[in-house]
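Next come two complexes, and both contain subunit A; in the first it sits with subunit B, in the second with subunit C.
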Partner chain A sequence: MRRLWKRAARMKIICNGKEQEVAAGCTLLHLLADLQLDPDTVVVECDKKIISRADYEGLVLTAGQDLELIRFVGGG
Partner chain B sequence: MLKIADKTFRSRLFGGTGKFASAQVMKDALDASGAEMITVALRRVDLANPDDDIMANLDRNKYWFLPNTAGARNAEEAIRLANLARAVGNTNWLKLEVTPDPRTLLPDPIETLKATELLVKDGFIVLPYMNADPILALRLQDVGAAAVMPLGSPIGTNQGVLTRFLVEIIIEQARVPVVVDAGFGAPSHAAAAMEMGADAVLVNTAIAVAGDPVRMAKAFAQAVEAGRTAYESGLGAQGKKAAASSPEVGLDFLR
Partner chain C sequence: MKIRVHEQGREVGAGTRLADIAAEFPGSDLFIVNGCQVTDTYELRDGDGCWCLSKGQKVSRDELHRLLYLRHTPGVQDVISSSVVGVMGLGGLGSAVAGALARIGIGRLILADYDIVDPTNLNRQHFFVDQIGMKKTEALAANLRRMNPYVDLTLHDCRLTPGNIPSLFAGADVLVECFDDPALKAAAFRLALTDMKTMGYVGASGVAGFGDNNLITTVRHRPHVFVVGDGESESKPGQGLMAPRVGIAAHHQANQVLRILLERAGQTDGAL
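Let's turn to the complex of A and B:
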């Protein structure tokens, strides 16, 4: 019972300025997969600090974190 | 061949990737332009459109990416964007843009100089977008800019090289390549910049918004090549007094 509750636990983070609910214990790589984003073309700032791509898998998100997901777009 | 930092380019036309109607048109136009160096901007991912990824449409083996800091209003914002660009693009090349006034999009010379100096020290290859100010060009060069990018006219205005007199001085004095950027509305404008001795030009809007962007890209490529060839061939001096092209002798039979 307890385990089920744990599995279903959700938490709130800020993602590109908007509140987003994710599973507790979710890694950054999981989040990108959930959002259908290619981790190779997205850079992430977590609380204003750039996260190295090698750390996407190991970074466990915590409630209240402020993430910015940025990528290249057309420009001159 | 054009050499910037340690990289050589055959094409002297740099392409922008903004404002195209579709990814396919952008791809085809860049292909037709022959550009090897292309600019990109950085923005928040649109979470509603995860597939809208420009990197899925551009071959990194074919193009050298020059991320810009468009949207930055001061050195601090530009440096934040520069670090993001380096992280996402695995490149230390940067087109530095610091434009505090959205109405004119003219670059802030003081913030641009400050950011160039800091970014060069941090290992970036910096190509600053700048006002066509010959003294500023020297200052940027002195703090380590890999090239300077004076403006022809404000971004997106299609007015051509209104800064001609100043760009000519910049070209005459520069020890780094001069890439004239912004305001090119027609291939003739690009040819004119190349005839002046610009090392390259960066064109985006005029190609992207053309009726047929692919053919317009080709036209710009031809103009840039023609202008460069003309510059290398040595243009004749301008004068106010007419000088006949046909012989002035041998007309005795008429009189």
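Let's turn to the complex of A and C:
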């Protein structure tokens, strides 16, 4: 049967220890938006490296990357 | 047998009771032996260190210091008294953390906040009604000096940013993050993992409301970097910040500061 549409390519990353599927070419900022997280409140470690907030938009995720997201909520 | 009375060694006969020593200190009604409060019927043993105080009596710097030595043991108090701790944000968390550390005789506190005391703070923050309108740095300093007049205080009445935190808190052994703003919490935590790698760090996230006590935990992210809280309970309409739960988290933070300091000094059993 002919496919009328092609699904966007997906890839697997590790997010906080769990496997997660994201769109290929997805940036870190896209991922945080998908997870409904305010990027300013999340510290990200990607393959053991702490990512600067300024790099969230430009960081294109690649298959197999190991992300650790540490989210902060307000109040003190 | 040998005992110490107010840290002065002396010989006493077997069977000596604390009341026999207390007779030398008219009006004394508060008795401490080896860091623990006892009654004057206590029978002294070889090696005991005792203090006979009057509950209403003021203490000098030396006396307070020696009492802390007795309460906390000399090895532990030496570490506390020679340590510097920075507190970022003097709200519900920061004012309580600073109080706990001042009471145990921390050497120096570096305290920073840009705000003034307002009436909505008083449900959880360690200020008083008559301090409304005062700078938080100055109001807290006044309160800490009443708890322990001998703690060195350095005050920064300014907004903290990732740019000024490393220089304002240079020299601190441990930095405690007590901010309200989650973006600032995240930025400071990032600094702790990148630019301030040797400094101990205790952050907080998820301290609002009146949820389960035991969901407040202390999570280790690096050997010297910790975050306290339940990770979820943000301050928002319908889930405000309240003294009891914020206090639980603040004292997790203060105790973790102490554990970092003592671990670094080799004063623990390594079970951190």
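One rule holds in what follows: the second predicted complex is superposed on the first by the 65 of 76 C-alpha atoms of A that agree within 3 Å, B and C clash if a C-alpha of one lies under 4 Å from a C-alpha of the other, contacts with A are read in each partner's own complex, and residues count from 1 in each chain.
One rule holds for everything that comes next: a contact is a pair of C-beta atoms (placed from the backbone, for glycine too) under 8 Å apart; a residue touches a chain by one contact, two chains touch by 3 or more.
Treat the numbers as computed from the prediction; the structure is a model and nothing was measured.
S.K.: Quick one: is A:C15 in contact with subunit B, with subunit C, with both, or with neither? Answer first, second, both or neither.
M.R.: first
S.K.: For A:I50, select first, second, both or neither according to whether it touches subunit B, subunit C, the two together, or no partner.
M.R.: It touches subunit B and subunit C both.
S.K.: Touch test for A:L35: subunit B only (first), subunit C only (second), both, or neither?
M.R.: After superposition on chain A, A:L35 lies in contact with subunit B alone.
S.K.: Thinking of the overlay built on chain A, is A:G75 touched by subunit B (first), by subunit C (second), by both, or by neither?
M.R.: Both partners.
S.K.: Given the superposition on chain A, which partner contacts more residues in subunit A: subunit B or subunit C?
M.R.: B
S.K.: For subunit A, which residues lie in the overlap of the subunit B contacts and the subunit C contacts?
M.R.: Shared contact residues on subunit A (touching subunit B in one complex, subunit C in the other): 38, 40-43, 45, 50, 52-53, 70-76.
S.K.: Using the touch rule from the top, collect the residues of subunit A that touch subunit B in their complex.
M.R.: 15-18, 35-38, 40-43, 45, 50, 52-53, 68-76
S.K.: Contact residues on subunit C for subunit A in the complex?
M.R.: 89, 91-94, 178-183, 185-187, 189-190, 193-194, 203-208, 221, 227, 229, 231-236, 241, 246
S.K.: Quick one: which bits of subunit B touch subunit A in the complex? Just the residue numbers, please.
M.R.: Spelled out, the residues of subunit B in touch with subunit A are 16-20, 26, 39-45, 47, 50-51, 53-56, 65, 67-68, 70, 83-85, 87-89, 155-156, 182, 202, 204-205.
S.K.: Touching subunit C in the complex: which residues of subunit A?
M.R.: Result: residues 38, 40-43, 45, 50, 52-53, 70-76 of subunit A touch subunit C.
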